[in-house]
Structure formats: structure tokens, C-alpha cells
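By letter and in written order, the chains are A, B and C; residue numbering begins at 1 in each of them.
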Amino acid sequence: MQRIVSIISTRIFQLLIMILILSFVTFLLMKVTPGDPIRAILKVDDVVVTTADEEKLRQEYGFDEPIFVQYGKWIWGVAQLDLGESLISNRPVLDMILNRLPATAALSLGGLVALLLISVPLGIIGALYKGRWPDYLSRWTAILGASIPSFWLGLLLIYFFSLKLNLLPVMGKGTLAHYILPSITLGIAMAPIYIRLLRERLIATMQSTFIEAARARGIRKERILVFHALRGSLIPLVTMFGLSIGSLLGGVTVIEILFSWPGMGELIVTSVMQRDYPVIQGYIIIVGFLVVLSNLAVDLLYLIINPQINQEKESV
Amino acid sequence: MSNPIISIEKLKIETRNGSYPLVNNVSLEIKKGEIAGLIGESGSGKSLTARAVMGLLPVNMKNSGRIVYKNSDLSALSPKDHRKFLGKEIGIIFQDYRASFTPYIKIGKQITETIRTHYPIGKKEARNQALEVLGKMGLDSERVYCSYPFQLSGGQVQRASIAMVLALKPALVICDEMTTALDVMNGEKVLNYLEEVRKETGCAILMITHDLALAYKRTDRIYVMQQGEIVEEGLPEQIRCQHQHPYTKKLCACLLSLPGENFIINERVNDL
Amino acid sequence: MDTVLTKSTALVRNPNMLGGIILAVFLAGVMFLGGALVPYDPFKIDMGNRLQEASTLHWLGTDQLGRDIFSRIVFGAKLTIGLGMLAIFMAVCIGVPIGLISGYIGGRMDAFFMRIIDGILTFPDFILAIAIAGILGPSLTNIVIAIVLVRWIVYARVVRGLVLSEKEKEYVLVSKTSFSSPIKTIRLHLLPHVMPDIIVMAAIDVGKVILLISALSYIGLGAQPPIPEWGAMLNDGQGYFQVKPSLMVYPGLAIMVTVLCCNLLGDGLKSHFDIRKGRQEL
């Protein structure tokens, strides 16, 4: 129990630090860059601008105050769950992002399923047939998967499965079929490290003495692999997963653009194009929050998978 | 008297690349209900011999010769057929008690898994059998059943692994240095339980050890192994008092605490 | 002479290394000789020659504006690979000294800063790069700045970890106590120790950064249209890829081959250095 409290407090501390630093850096960057959001707004509105108009808007958005005051105000707002309003649509940033969250979460989940379906079998095959052709197949998949740009892979998949074979829908989000290509693309993009890690861990685990003991009890090889060895090899995989949640959220952005998926990634890219600063800031906060939250979930999952750690730490 | 339960004939184990034999020309027999000792220093090939019987040699080694268990040559069987003997007919208890159970699976689950691998019985029945054998080993059966290996002491785990062997009632149990990792008290306890198992099931035991005192005390017959070959064979008394081979002599001389050689100790005391 | 020979044969015997070297030679050949072989201007629009199939004139055909695809890819190679290497070089130049010093000094301040850095590192670098690029404005230069801003932290982190474990070893302690200046100790003992890891990491990172630059360019935040950066070429030609798939195939293939080269070299170097480390310990 104590351990759980300490895990949670560490993660909350991490969240605060991360958000404070990142938001301050981005805030600072915004202020020193030549691009002017006020001009951007006025450009969108496409009206004849006077300097007086510009000044008025500047005051309205509080852009004339010193940077620390602006930052302080903004952080105070964040603490009250107010991320400000979009410069373009004037809608609350939090609403805009949360509206897009389910689509991104669903796609990430699809990607995770694809990731598991790709990396676990390939990792097992690599370990089981070490040094034979299935192993080379698994290793080359990993190396190529790490080298292929995900958006290009997605384009190729669209070309073959949607345009040539006409099997799957090209873009957008609707039926379950719409999930297949983006999920596979995301899964392949993430799979290489997992394939390698699982293969290496399984090979190491299969050589340990308790596996020998299980074999000496006459237990079937397949069962040993799945029931005895795989579970031990999953622990580093879960750690790895905790580390790569960030890259999942990053990777999903490109996939969303490619497949016109109405998620957070698509929103942020559009906002970046329009220099919609409050949305960019809010997005950083939300992503930071999501990353820390999922890391926390992984920490707790870790305790369940590996009872020994739980026990040892508590008894100390 | 009775047929041997297992007879190893001219067993040779060598690495696949080089022709350097690690175990050479080893022949031994164990009769029904007998406890045979296999002694020798570490690296003499005792454990490899046991592994060859279990078909657990590392992939870079191969064996030749015959390993006949109840009329079938184990070394000629496919791994799939060989597997059917393991656990059910031949059980093994390892030196490292932490290594006999998978660390992140509860002990009870591993025992029932083993039982159900060899006998087509339901989960509940397997559970009852597991609890019964754990109880016979003097363990708090319910608690051990629900424990992970790391939650128990070494002696308890080793007893649990004997219980697992007992559950399947094999005709031959190989004990590979089973007490080495335990302290003396716990080692004795474990050996006593093993003795009980033998009385109950009438199984034969191959006791692999480097501990001569233990071998004298517990075995019916002893094989002495040196550098991959069996150099001497005989009753414990013969090995101790009428040994022929210089290596056996050296082995015996190393043991100060052997009964009947107290004079050495006395001399030492007098020297002081 | 003898050791050089055994060293180079050891390198070649490693299949990953061999593959990486072959690809690197191939890429270098395309980069430096390609321009001479095919004398087209990668920017020159020739509407009369739109969407040509591959021929002896245009080896990989032409794009929707009649530009020679091969010339554009060759030009893009210099750009993409050059920028990838530049970004990593700058990240190494910033991150390694900071990591060395932080690890050498150690203590509470170091531990505190590293916790903060750990916190920042869990944040997805791709999204941070998007945000920074978005704030600075979409351009190739800003992307490189964004990448350096994000990447140096990783090097500082890794180097610091290596230094922490190494600096308690005897030879460093001896050097420290024998009145050498800290800078001398760091330069003579700690830097050579972390070098192999840095090289391996940098080799793989160049590939990662090329993927990152091309992904950002593909979504429109990096290189802007006429520039033949590979990701931007993919973005540019996307509208035509039903009509002419080769517009998509070649730039993507170029990225993949380049990144594959980096990964193979990195893997090869990794096992190469590990072997040497093992020998030193013996």
C-alpha cells in the first residue's frame, strides 16, 4: 500500500515538473518568435486592418502584459482546468481537445492490438527457431520495420488494400473496417523494439534452470513457452511499453494525418498551421497528463505481473 | 534378484563441434527400490549423466550409448515420446531449490499442472492430490499451495519439490545435489522425507552428490566418477574401506569427519 | 598493420556491419555521383514533360510538374542525410559535455536535475517537435532546431549514467587524486569510455532523425514544397499517387534505405564495441 502511494506521488511530481517546464519553454518560444498571432487572427478574418484594431485585439488577449504575468495567468487558469480559448474558433481549448480524445484513444488501442498481434508471435518464433529461417524472418521484420517511415507504409497499405484490391476503406473513421489499416500501420511502426526485446528475453528465459525443471516434469514445450517463459519475459516488455507510450502518442499523430482520422493529432497539426497558440499549449498539457497517467497505470500493472517486486519492496 | 529399473550402457556425452568427451563409457544400473549414489567432484560429469537420462542436455552436446528404462531405450526416443517418461516415470530434484519452480507461478498451480500433464483428471482432483502430498511432506499445505516460491524458505521449497515428485509416484527419482544449497538441519529433514517417499512408493533413487558422508549414510551402492568416467563401484563399506582406485582413496582422504578416521582429528587436537 | 587487418575483417564478418557499409557506399555514390550522371535541375518545372514513365532520359520518371524524380531524390539525399547528421552532431555537442560534467560532479543537484530531465523525457519528442516547429513556424531550419532542442537531453542522460558508473572505478579515482584537473580527467578517462556508446547511439539516431524530419515534412511542418526533401516530396505527390504510384514509391524507398543503413551500421557497431569491451575486461 505504501508503495502504491509512493508510486502515485512520484508520478504526480513528475507531471507537475513536466508541465511547468514544457509550458514555460513553449510560452517563452512563442514570445520570442517573429510570427504574430494577432496578425494570424486578422489574416483569417480577412478584413482591412488598422494598427488601432491590432492594438485593441492585443489588449483583449492580454498580449501586451509582461511575459511572466501572462504565464502566471495562464498557469492559474490551467490549475482551474481552464486552458483558454482558441484564437481561431473561440471555443474552449479543453473541449476541443477532449472532443478529439476518444478517436485518438480508439486508434491507439487498435494500434496496441495490432502491436501485440505482430510482435508477440514474431518474438516467439524468433526465440523458438533461433538461428533458423523463421528467426531470420522475425529479425528482418524488426530491422525493416524500424527503418520504414510509418506514413509511407500507410500509403503503400492504402494503395494495395484500398485502391488496388478495394478491400478496405481509404480514409476517415466510421466502421470497424476503418480501423484496420491505421491500426496495422501504427502496430508495425511500434513493433520492432518489442519483437527484438521479446525474442532476446525469451531466449534468455528459456535457458534458465526453472525452465529445465519444467521440462524435467514432462510439460509440453509449447506450454512451457507460453505459461512459464512468456510471462517472465513480459515484465521487461511492460517496462518497455511504459517507456514508449510517448512515442505511441507521437506516432499516432502522423497516422491520423495520413488517414484523415479526426483525432487530437489532426487537431494539433491544423492548429500549428494556423498558429493557434492556446490550442498548442493546451495540447502539451493534455499529452503530458496522458503520458503520466498511462505511466502510472503501467507502474501499477507491473506490481501485478511481478509479485516478487511487490513483496521485496514491502518487506524492506 | 530383480531386474534393473534403469541401466545405462556405455554412455558417452560430447560437444557437437569438438570430439572431446565430457562423459565417457559410463555404465550403471539401478535396481527397483534401491538407492544408488553417484559421487565425484564437481565437473566430473555426474550432472551431465543425469541430464542425459532426462534428455535435457544443452543443445551443443550429444550423447551416444544406451539408456534403458524398463525395456525402452530412452536415448533412441523422440523428444515427444521421451517427454512422457519425465515426471511420471522419472522424477528429478535439483540442487538449486529456487530453480525447481517457476518463480512467478504459485506452487500449487505448478504441482497440479504437472499432475494434469500426465493424468487426465479434473482440476479439483488434482488440487486435492497436491494438497495431500504437500501435507505428507510436513508442510502447511493450504499456505504452500497458494505461495510463490520466493515466499518460502529453501527447505520448504525443496520439500515442496519432493512433494511434486511424490504426486506422480515415479519409479526412479534422481536427486541432483538436492541438499547442497540447504543448511545441515534442513538437509537432513529433506532427506528423511525422501526416505519416506521411497518407503511409500518403492521407487529407486539415484543420489548424485559430492558429499561422501551423505552417500555412505544414505545409499545402498555407490558409483565413483572421475573426469567423465566411472572408476569404481561397490557397497558403501567397500568404497570406504577397500577401495581400489587411487582417486577414491584421495576422495576418502579428504573427508576428515568420516567415522572410523577419528584418529586424524585426535592427532590434530594433540598437535595444538 | 596486422591489427588493422584483423579489425577490418572482424568488421566485415559481422553481417549487419557489412550490409550497413554496402548501403552507405551505395548512398554516398548516389549522393556524390548522381548529380553528375543526371544533369537535371531538381527545381526546374517542365509542364510539357509531366508524369513521365521511367526512361533512359528520366531514370525514375518525372513528377506532376515535370521535374526529374531521380535528380530530386539525389538532391534530397544531400539535404536529408546532411540535416540528419547535422542535427545529431549538434545534439551530441550540447548533450555530451553537459552529461559528462553533470555525472562527474554528481551529488544532489545532479540527481534533482536528472529527475526533471526524466520527467521531460517521458514526453513524446515527436509532439514536442511539432509544438516547437509550430511555434517557430514551419520550415526545415526550425525543424532541425526543434530536434536539437529535444535530442540533446537524451545524450546528456545517457552520458551521465555511464559516467556515474565509471567514475567510481579505480583508474578514475587515481587520476582524480593525482591532482589532475577535472577537465583533464574527463577528457582523458571519461570521454573515451563513453565514446563507443555515443557513436552507436548517434548512428542509430541519425536514422531516427531522418524519419522524424521526413514525417514532419510529410505532415507539412518541415520542408516546404519546392524543396525536394523526401517527406515533402511524398506530401507533394500524394494527390497523384493513384495516377502514378512511383511518385510515392521512390522517395519512401529512399528514406527506408537510408534509415536501414543507419540501423545496420548502429547494430554492427554495437556488437563490434561489445566484443571489444568483453576483451578488455578479460
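Methods note: a residue touches a chain if its C-beta (ideal position, glycine included) is under 8 Å from a C-beta of that chain, and two chains touch if they have at least 3 such contacts.
Small disclaimer: the values here were computed from a predicted structure and weren't measured.
The central chain here, found by comparing per-chain C-alpha centres with the mean of all protein C-alpha atoms, is A.
Of all chain pairs, the one linked by the largest number of contacting C-beta pairs is A-C.
Subunit B and subunit C, compared by their mean Cα positions, are separated by 56 Å.
Centroids of subunit A and subunit C (each the mean of its C-alpha atoms) stand 22 Å apart.
Inter-chain spacing, taken between the CA centroids of subunit A and subunit B, is 52 Å. Residue positions of subunit A touching 2 or more other chains: there are none.
Considering their complex, residues 14-15, 17-18, 21-22, 26, 29-30, 33-35, 143-144, 146-152, 155-156, 159, 163, 243, 245-251, 253-254, 257, 268-269, 271-273, 275, 277, 280, 283-284, 287-288, 291-292, 295 of subunit A touch subunit C.
Residues of subunit A touching subunit B in their complex: 208-221, 223, 227-228, 231-232, 305-308, 311. Against subunit A, the residues of subunit B that register as touching in their complex are 54, 56, 79, 83-88, 91-92, 94, 96, 98-105, 110, 113-114, 117-118, 148, 150-151, 164. On subunit C, the positions that touch subunit A within their shared complex are 115-116, 118-120, 122-128, 130-138, 207, 211, 214-215, 218-221, 231, 234, 238, 241-242, 245, 248, 251-252, 255-257, 259-260, 262-264, 267.
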